[in-house]
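Consider the two complexes below, in which chain A is the common component and chain B and chain C are the respective partners.
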Partner chain A sequence: MPGDEPFKQEVLRLAGPEVLTCIQCGTCSASCPTANLMNPSIRRLIKLCLEGKKEEALHNETLWLCTSCLLCTVRCPRGIRPKAVVSALKDIAERTGLQGKDAAYEKFFLEQIKDYGRIAELALTAKFLLVFPQGVVQSMQMGLELLPRGKIGLEIEKIKGRDEVKRIIEELWKE
Partner chain B sequence: MKLAYYPGCVSQSTGKEMDASTRAVSAALGIELVELPDWNCCGATHVSHELVATGLAARNMAQTDLPIMTSCSICYSNLRAAALRLEEPDTREKVNAVLDKKYSGAKIRHALDVILEALTENDERIVVPLKELRVAPYYGCLLTRPAGLYSPEFPTILEKLIKRLQAEPVDFRLKTVCCGGPIFMPQEKAAEDIALKILSEAKKAGAEVIVTVCPLCHLMLDAKQKVLEQKHGEKIGIPVLYVTQLAGIALGLGPEELGLFMNSVSPMAMVERVYVRLSE
Partner chain C sequence: MPIGVYVCHCGLNIAGVLNMEELKSFAEKLPDVAVARDLQFSCSDVGQEQIQNDIAQLKLDRVVVAACSPRLHEPTFRRAIAKAGLNPYMLEMANIREQCSWVHMEQPAMATEKAKDLIAMAVAKATLLRPLEPESIPVSKNVLVVGGGVAGIAAALDLGDCGLHVFLVERRPTIGGYMALLTDVFPTNDCSICVLGPKMSEVYNHPDITLITYAEVLGVEGSVGNFTVSGVRKARYVDEKLCKGCISECADVCPVEVPSEYDFAIGKRKAIYIPYPQAVPLVACVDPKACIGCARCVEACPAHAVKLDQEPQDFKLNVGAIIVATGWQPFDATRKEEYGFGRYRDVITTLQMERMLNASGPTKGEVVRPSTGKIAERVAFLQCVGSRDSSVGNLYCSRICCMASLKNAQLVKEKYPQTDITIYYIDIRACGEGYEEFYVRAQKLGINFVRSRVSCIEEVEGELFLIFEDTQTGEMKRVKHDLAVLSVGLEPDSKADVLGNLLGLSRRPDGFFEIAHPKMRPVEAHIDGVFIAGCASGPKEIPISIAQGSAAAAKAVKLLHKGVLELEPTSAYVDPEKCIKCKLCVDICPKKAIAVKSPAYVDEAACKGCGSCAAACPVDAINMRFFSDEQIMAQVRAATEVKREFPLIVAFLCNWCSYGAADLAGTARIQYPTNARNIRVMCSARVDPSFILEALSRGADGVLIAGCRIGECHYRDGNYQALQRVNVLKGVLEKIGLDPGRVKIVWCAASEGEIYAKDLRDFIGELKAMGPIGTELKKERAEEKNGETALP
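The block that comes next holds the complex of A and B.
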């Protein structure tokens, strides 16, 4: 089956044309702190993009296991930014309305910046737990740790430049 | 010296002690901090669209002409990466088209670098030298990546500061390995496994304290330490301090000012040891 060329081009546009120069050496996978949990590996993910295999590239746990540590990016011998490929795929996935707990977390994060200009962890967590109730135990444990130390912000601080922030997100998103 | 200060979102919640100690140490070193007016979130590691992330950072950077200091490595990395992208005319034009105040360049500094620069060798303001204190320098990812001032894999600036405070950096193999923090909400197990490895390694290296430069690393190693101990049946009990807290102790600042009571694993026994060794 021929690859999805527009998908490949979109990845290259977002992550950089140097992705084409990938030699599949696997340095990225060998550097990744969550490589043992990834399937496909980050090396294979890049191959899927170059082959235009859109479905396989977008629907996997690999995208959401990336911690953005950038070790792949500083080590790639071809100057490719594998983390930027992951970001590009997340971005494409979010645009196509991909559902799931991880996509939801990113969506809520950006929505909160759009609405308030800043992140209030309590409100973000509360919203996330509605779509991922399994996270409630870990959130409670964290809450019990942070609350007595006064480290949970109970009020949401809104910045004055919210309209500008909203415009930044909405206008630049289209690019 | 006068600097613009970007506290970042965690300064209002999980990183309150980072914010408190940053302000206290800056004051003690005669560094005047002017909080960036009406600052917004940098997007942390959760805004996938690069141009949007660049725009969010640019709005912050456009608020001042002063160099901008932050204690958060995530904010630091995001602002620095955005400043690099904004050198490209096409990107700058697109971003400036949506900004109220236009971006025209910025200098971004991490508090670690500012403190080290402010302290001379045998600085007389170090009234509590951290004699014999064995410190694990934990860089995590984003102070040094993307590559910039420091080696992304073998940085030494934290060791330099630890030595300047007259403490002893331990040889810490995992110092630039990710803490797992950015995925800890949706991918709990993966994140916890990595954090536990880092804590165990610090303990094995004989550290009495771990020093961090990032609020997410701090959360994973400090606030989560008890849960990690329970889950894995391994006693760790190692305090984790922000670099600003460690420097503040050496500068003779009090626990209240440095937010030491906000840490999950109490550093007070360690602080006591520092004072005992001083009197020996």
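The block that comes next holds the complex of A and C.
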């Protein structure tokens, strides 16, 4: 099947034409701290873009596992910014209506700030997991470890001056 | 000044298209023309005799031949008129075949009109020709070779054997370069010093080679044929004539021990040392940085050779040519922090591996882990360290390191068959005679290959872990090794610019010295009389370094063997009255032929006549003996005297590429419209903005400048200069209300006749859309007027 050329061009426009010079050496993948969770690897992801394999490049966990540590970008021998490829793909994913995890998380995050002026980890995570249930087991395990150490609270705390905060955020959303 | 004009039929090649009768009678009426004839074949004996007879009988003092391209027969006609007693430079040719009859076969009437202009232009230029005398200068038959690595050694020996005298200047206390430090060498794995050692001794004993080691070149003056080189011989603190090279007596008593640079810090040496047992000259040397001045060596030396009060000595040499063979230096592996070189003791470089494998090296041939001194059991080679890596600024492949690792892996495996060896690579580059076979040999020996670029090395409790993605399986891995060998790349010598600046050499973006042409002139520098061999012009293996050394030697012999040098009288010269000493020309000259003392001065032996200085000089103080300002202006004026068609284009074509392309379009009979009047210049950088303005102000509708393709200028960067000037000029045109599109600059190689024709067709189309010159001014004025009347 021939690749999706407009998709490839869009990635190149956003992440830079040097992506074309990738030699598939794997330095980026091997430098990535979350590489063992990723499939495809960052290196493979770049290949998928160059082959114009839009579906495979957009529908994967890899995009959302990137922590933006930039080690790939520092070490790539071709001066490619693999992290910029990830950002480009997230961008395209959101534009094409694919609900991006980042965007969803941001939205819930801000909603809570707007309403309470604070973040309640438990409520936030719960809301998020309702939309993206894939990580529910992992999150629960982590939560059980964190709870007894007092790292997350069960109740939603409220701050003074919530109206102010609300106004600021609504003002921002207008723009 | 009686001029003879000869219009050639060239059988039917010209006469089949152009109207010869009309051209002849046109030429007859041009000013100063004493005789105009049409000749069947002007280049034949009959044709040449006719011209010679006219010179004798009509006392012609200049000749115009309207025929084929001057690139073909200019030498023929120069010889012909010289035979008749005229100065050979009193000839001008009008190219009415390749650039007229052959390319306008379907428009004979317009082609004849164009030919009239071409003849008028040639006659106008001819009236301004001046006799020029080729000068010959005596040259020195000595050659300086800088750098005594294998390339410099090859050059010196070949030159010496040809009877030229060689001064071989080497910076270190011994010649031999890096090759002398290697163990066995690929692709045949013969012992390096066993094949190099005899050559080093031969240099030392050669009657026509003066070896100057531990020395540095500090100054170069003069030009091709006559360079004066000054330098200094550093103090060795040991008398070369007295030292017997035994080293045991002095070094044994020396109390100071430092890491040896000849073992890449794996081994040690004393403050008084001989680099290695096969050094040439075999003379000790005191390292002033390490020496504590105890003078025990002075007492210990039975030959009384140690002289701690020795002074550096200056030297001065006269040479006709210079060969630069300054080699390379290894990439500094500490720059790749992720590999831990310098922090983890068991991370070493291939050069350290070479020394360990060397039977006379610091470990006597044992491959050990530096941290424990025990034989290494799991060895990793990491390829492309410092090469093909934009993160350290080196995009190039160092070319030899794949082979070096294949070699070292084989040597280790042969010595210790139980060792587990893995080579981590991106691509194995084994492209040379017998190299792929060498790779196969390594595979058959059981060496492992993993296609991966290692991301980083971690050291945990004294063990090394390599972290990488095996790109063939997609697995992320963390693998234990006990010795990691970094296959470091080759970089230009960090002090190369000192010599480079003295000689005026240019450097490529990768930092290595640039050769005059990447294919056709592999060992010549841009500066006449200077040659480059070996790794000084880029990474390469030993056989190629030797071939280049010999090639450079052959070039130097060709240049100097006669003892005299004929100079083309086409150089630039300065009017000292006009020069304002702005020094613009000094930087622009690609041949470094201009010096501004008081005032500027052109070294005519070094000048190659490109004319970029003449175009750049802000006060027109520089002119050319050939292709002078006045001559080119006269051509421009003649081209625009009568406007025979629209659009009328004055085109400047560089002699090397674009004029060649226009000729080729002719030979290939590529047809295009007649609108251009071509003027040949040596380089596109010769085109002075005043030529362009003159053409436009006299009614030309457009001016085309064509140069060699970017990066392929025959001088160096003339086309860049031309481009810059054209861009500035476009701004000026815009200011005065002319369409900047009326000036166009294009690039075509001599093989690109079709491109030249296409560029010209495109330009004609663009000019047609613009209308005749001045249309835009009228429009502007009309708009202004409309604007005024519209106001209340």
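List of remarks:
We adopt the following convention: the second predicted complex is superposed on the first by the 101 of 175 C-alpha atoms of A that agree within 3 Å, B and C clash if a C-alpha of one lies under 4 Å from a C-alpha of the other, contacts with A are read in each partner's own complex, and residues count from 1 in each chain.
To be clear about the criterion, a residue touches a chain if its C-beta (ideal position, glycine included) is under 8 Å from a C-beta of that chain, and two chains touch if they have at least 3 such contacts.
From a predicted model like this one, the values you see are computed outputs, not experimental measurements.
Of the two partner chains placed around the shared chain by superposition, neither chain B nor chain C is touched by A:123.
Within the superposed three-chain model, A:43 lies in touch with chain C and out of touch with chain B [touch as defined at top].
In the superposed model, A:26 makes contact with chain C only, not with chain B.
After overlaying the two complexes on the shared chain, residue contacts for A:58 are found with neither chain B nor chain C. When the shared chain is aligned, chain B and chain C each come close enough to touch A:74. Touching more residues of chain A than its counterpart among chain B and chain C is B. Residue contacts after overlaying the shared chain place A:145 against chain B, while chain C stays out of touching range. Across the two superposed structures, the residue set of chain A contacted by chain B and also by chain C is 74. Looking at the complex, you find that chain A touches chain C at residues 23-27, 29-31, 35-36, 40-41, 43-44, 74-79.
For chain B in complex with chain A, the touching residues are 9-10, 12-17, 38-41, 43-52, 54-56, 59, 77, 94-95, 97-100, 141-142, 145-147, 152-153, 176-178, 180-188, 190-191, 194, 223-224, 226-227, 261-264. Against chain A, the residues of chain C that register as touching in their complex are 338, 384, 388-391, 426-427, 452-456, 467-471, 474, 476-477.
Only residues 14, 33-34, 37, 64-71, 73-74, 84, 87-88, 90-91, 94, 101-102, 105-106, 109-110, 112-113, 117-122, 125, 128, 132, 135, 138, 141-142, 145-146, 149-153, 157, 159-161, 164-165, 167-169, 171-173, 175 of chain A touch chain B when the two sit together in their complex.
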